[in-house]
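Listed next: structures, encoded as structure tokens.
You will see chain A twice below: alongside chain B first, and alongside chain C after that.
== the complex of A and B ==
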């Protein structure tokens, strides 16, 4: 009988050990990340599909992976006044051969990426921060101008519930002839995307010259 | 497959319609048993999935244990109605599991790193009822049962994910209940007129218990909202048989 008791106690001990409530923790760093070396804005005039303008910003890496100086020689948009353009943001990793289309991956991961487009100089009256405008908080406005007469609206949406804008495709609407800059920021907002600029971090923050004529 | 079904049907028929005498009648009984609980199917899988094809059903369940109380009342010589009350433990996530989850979330959210913490175990109580068939063969009694009822979760693992120190979300422990069913067979060996040793095997399944999540802002990465449970229990125990009425 005492042997049976001992066996029962061993069984009970095994069960209790098996039922212990251990906390497990692991940290997993990313294995590899694409380098975002090239950003292109491709604009097509909605009234004249052959009227196409492409601006390219590029920063390649040296053989050691260190960034070379920015190449902004082609980072200029020449747009007609009073015109609406459909715009597409294309991003490449040219450290790969052949170059990788990063914007395809951004599209797959649209639920936590959001683009902002900030024309400058901008009038305080046009500087509206909301979950649908593309303005960047903290941008200095100008009371007197002259302003860059450009408005950007995102046209694509992610698959969040409710869907939120992304910005890989957009509408660019120009006003009267003017000159300025367009700052383009891609925000990476893992599980914090809410339509605003603040959460997350910037994966890209670049600038294009804009000439409206 | 057809042959197997036919053979089973024939064996069942032979048992059911064989000449009966008083000693062969199934005796109403109650019993207690305990043994191993093996998760099966998606519940047993330790799989995050791949980007865009995350496995939201994988349970990371482990071999645990079960304790079962059951009994049946025989209103016909071999056919009775019984019930089962069982406790099952299917373990929790181990270090390999949380590493898989962390790697998956790192990729899913495109972050430099993610941290996954997991604590708690799958523990359920099953309360089920259904028909029992028993076939006494001298000192042995073969039992077959099919029961259905409630699977009540006492706990499921709590999983907390932190993305690059920017966002933390949690898969909470669930105490939800769901419909489940169980089917099994066993044998009892009579030690005396009333006490028997029992060996039993059962398969149980439920379509899933509801899981809630905190702070899931964006639709990305593995998201478990319903955890299917399934498994096989193997147990040994003792049972007490009531005397048949003359």
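== the complex of A and C ==
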């Protein structure tokens, strides 16, 4: 019986020792590998380099890596009618200090990424988007309008063979004065990029307000 | 070689004891029904370690036996062992008639009434066992897939590589899995976290359907799965078994080997076992296309060392399970628009091909189990059993390579669990038997990288009493249990960024009352009423984030209370000469049932919109029937039918519960061909499985309607091949012979892809027995 008691004591001691090692009390910081907090569109008038407009969409994360409410107060583009702009898409991860320039990372892996720009509302008969920027499937068309008169062309290419467009730099061409939204989607298409929307998944899918005057 | 010497020495010693008339000869023949003689069957006289193997004609001869009464055992693979007490006072001639296991054993072993002698098990509950040839026919499959042939048991799948068992519509934290007697503790709350158990360690897998909290602890609301290895060798010698499996569809290869032994003489009572399994599979194929990144790799091993005496025994056990699982890439939708797009496609938009390579996303999981067990038997006080176990589960989940090129996992979780169980089986009388037990558990969970669940510590303690009273045809059993659970999470406060420690305490009393009554010798009625409870898991309390592959955003609810179940089941079991069957009914009332309810709202993130789901508690009722019946048309031809139907109802919203298994029917016809020369116990089996369209679904709870009904045909051909002295168990199977295109409601990837297509499987089992060889040599030497 005493042998049994001894064994029980040993087991209890082992259990207590093991239980004392409380690693869980130290909480590791949340590292979101794929955090993307900020998307910026920087547009420069091709006719007048001082005519510059910037729109910023931002959604920061809390300490547990969960999204805070989105900040769309600066996500507005004010553009002149009948004007051509060169556009640059800038993306940042502001959960890091200093903020990581995500658009540089995307540039390095341009073969995996493709941007889509979808002005809305659009009309079913006249998609006011360029032929090189196919529309996003499922976009609702409006029969009555008024439509946003904006055309977007991607101007950069990846290193695929043959090269395919990326969309980090673009041309924005405005028509007559109008109001609407511009949906920007970045598709992540590792090894399956073929120029269309379908393969892969969306890494970013956000919207800007557009005012053409 | 050493063992050979030991054994020979053993024999000579036996002879040199020097009784005068140790010259009795024991001879005879071993044959099977139908007069097939059985070569290479073993005949062994247990007490004096004398054994031989029958010759080509099935004859055996054992010489030099001293007078006395001995236990004689005759064994042949695939046949029931014969154990007889024989008194030797003159030369004896005896013929053994062996009965094939197939004739006695049903598809799934129906309740074995002899089990009533086991005092530590509840007998009034529905219980199914998978063992022998039925278990052999599932070799190479995961635990979740292996159990699907049992009525009332399904599996929830995440593509072809991840499968979790469901009992009576309940899974994950609502069922318990006992891996070699230890409750499996990992991150089992996740529907894409499969049990980290190698089914090759088991020679029997039992499923207890219905609440079983009293004996096995809280959480066992739906039932218990017992993964049971066979006992270590008690007779000196070394033997083993090699299993090989190959599958055409995913080009799966699996091999598993066991070597075990027991020592003799001074080390008598000491036994050991080593076991290892490797499985590897590439991309699975549906009827029309490959599913990208659905391969997996698994390497497991276990070892055991035991010392057993009559009144004392101790056992050490260690096992490691290690796997890499690919997650079907086509399921990686970004947001709800991606998902809607995927739902409109009839096949994944990205074509794939065969490869063993596991890309991203994937999971890498390691589960270690250490167990120490000992028992003491007392003359008057019964038996005391103590088990201590430590489990460590490490889980790395890898997503697509992120923008910053980091090769870190997206998620890392490590949980260490210590459990202790002390059970006292008090001395039983003719009428009364029972046990009293104490259980203790503590867990520590550590996370890193993304936040999915917080760090936590919990402590739990339970005490139970189970008593059984038996008189004539009636057995009544009852039990009571008290449980206490303490949980503290460690996480950062969203506003202050300081560590906060929300703490919970739960305690509950549960009870059970059951009966078994023999209406006739072969007709029993069982009924059981039991309660069970489960405390909310940390994922239900605190999870907050995007659920990968489901395009949903899960929100925990820190105010959840514990779930409480009131379970009633009743079954009638008949085992006749031609007809066998069991019909079981159950009604499981679960109050405060926790589930993630669609909020019908969206959360907007940079990746787009996600519908949110919040953990909520409702009252539910799970009601159903399981049926198993077999009819022996001729001695060699048996028809078996199984059915499982379940109605899961959410009483709070007065509608059905989402993700409940659809009605399932399985019919099979088995033909025992008999033997053809050296090919023994040939059988052919044809199975039809019909899974109905699930129509019992609430509106607005899923992204799409449940898939259509489907029918599958499976076939298998099995036999034992005798090559020289070696017996080989061979099984050829084909599943989904017609290469049907189908989607299953319980497969979480049904939104994106069809289920697995046609698959040809070959299974080989090679038992080897070094002890047997020694006897054979011995016999030759003496002659």
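Convention: the second predicted complex is superposed on the first by the 174 of 213 C-alpha atoms of A that agree within 3 Å, B and C clash if a C-alpha of one lies under 4 Å from a C-alpha of the other, contacts with A are read in each partner's own complex, and residues count from 1 in each chain.
By our rule, a residue touches a chain if its C-beta (ideal position, glycine included) is under 8 Å from a C-beta of that chain, and two chains touch if they have at least 3 such contacts.
What you see is a predicted model; the values in this text were computed from it and never measured.
J.: Where does A:28 make contact in the superposed view: on chain B (first), on chain C (second), on both, or on neither?
T.: Touch status of A:28: both partners.
J.: Tell me the contact category for A:111 with respect to chain B and chain C: first, second, both or neither.
T.: first
J.: A:159 contacts which: chain B (first), chain C (second), both, neither?
T.: First partner only, chain B.
J.: Between chain B and chain C, which makes contact with more of the residues in chain A?
T.: Partner touching more chain A residues in the overlay: C.
J.: Touch check for A:193: first (chain B), second (chain C), both, or neither?
T.: In the superposition, A:193 touches chain B alone.
J.: Is A:77 touching the first partner chain B, the second partner chain C, both, or neither of them?
T.: In the superposition, A:77 touches no partner, neither chain B nor chain C.
J.: Now for A:65: first (chain B), second (chain C), both, or neither, which partner does it touch?
T.: Once the two structures are laid over each other on A, A:65 reaches chain C alone.
J.: Now for A:168: first (chain B), second (chain C), both, or neither, which partner does it touch?
T.: Neither partner.
J.: Across the two complexes, what residues of chain A are contacted by chain B and by chain C?
T.: Overlap of chain B and chain C footprints on chain A: residues 11, 15, 18-19, 21-28, 30, 33, 188, 190, 192, 199-201.
J.: Of all residues in chain A, which touch chain B in the complex?
T.: 11, 15, 18-19, 21-30, 33, 108-109, 111-112, 158-161, 188-194, 199-201
J.: Contact residues on chain B for chain A in the complex?
T.: Residues in contact with chain A: 34, 51-52, 64-65, 89, 91-95, 97-99, 101-103, 105-107, 109-121, 163-164, 166-167, 169, 215-221.
J.: If you look only at chain C, which of its residues touch chain A in the complex?
T.: The touching residues are 332-335, 337-338, 340-341, 349-350, 372, 374, 376, 384, 386, 388, 390, 399-406, 408, 410, 416, 418, 420, 440, 442, 444-451, 454-457, 490-494, 497, 499, 544-545, 603-609.
J.: Hey, which residues of chain A end up touching chain C in the complex?
T.: Result: residues 4, 7-8, 11, 14-15, 18-19, 21-28, 30-34, 36-37, 39, 57, 59, 62-67, 70, 93, 100, 102, 105-106, 137-138, 185, 188, 190, 192, 198-206 of chain A touch chain C.
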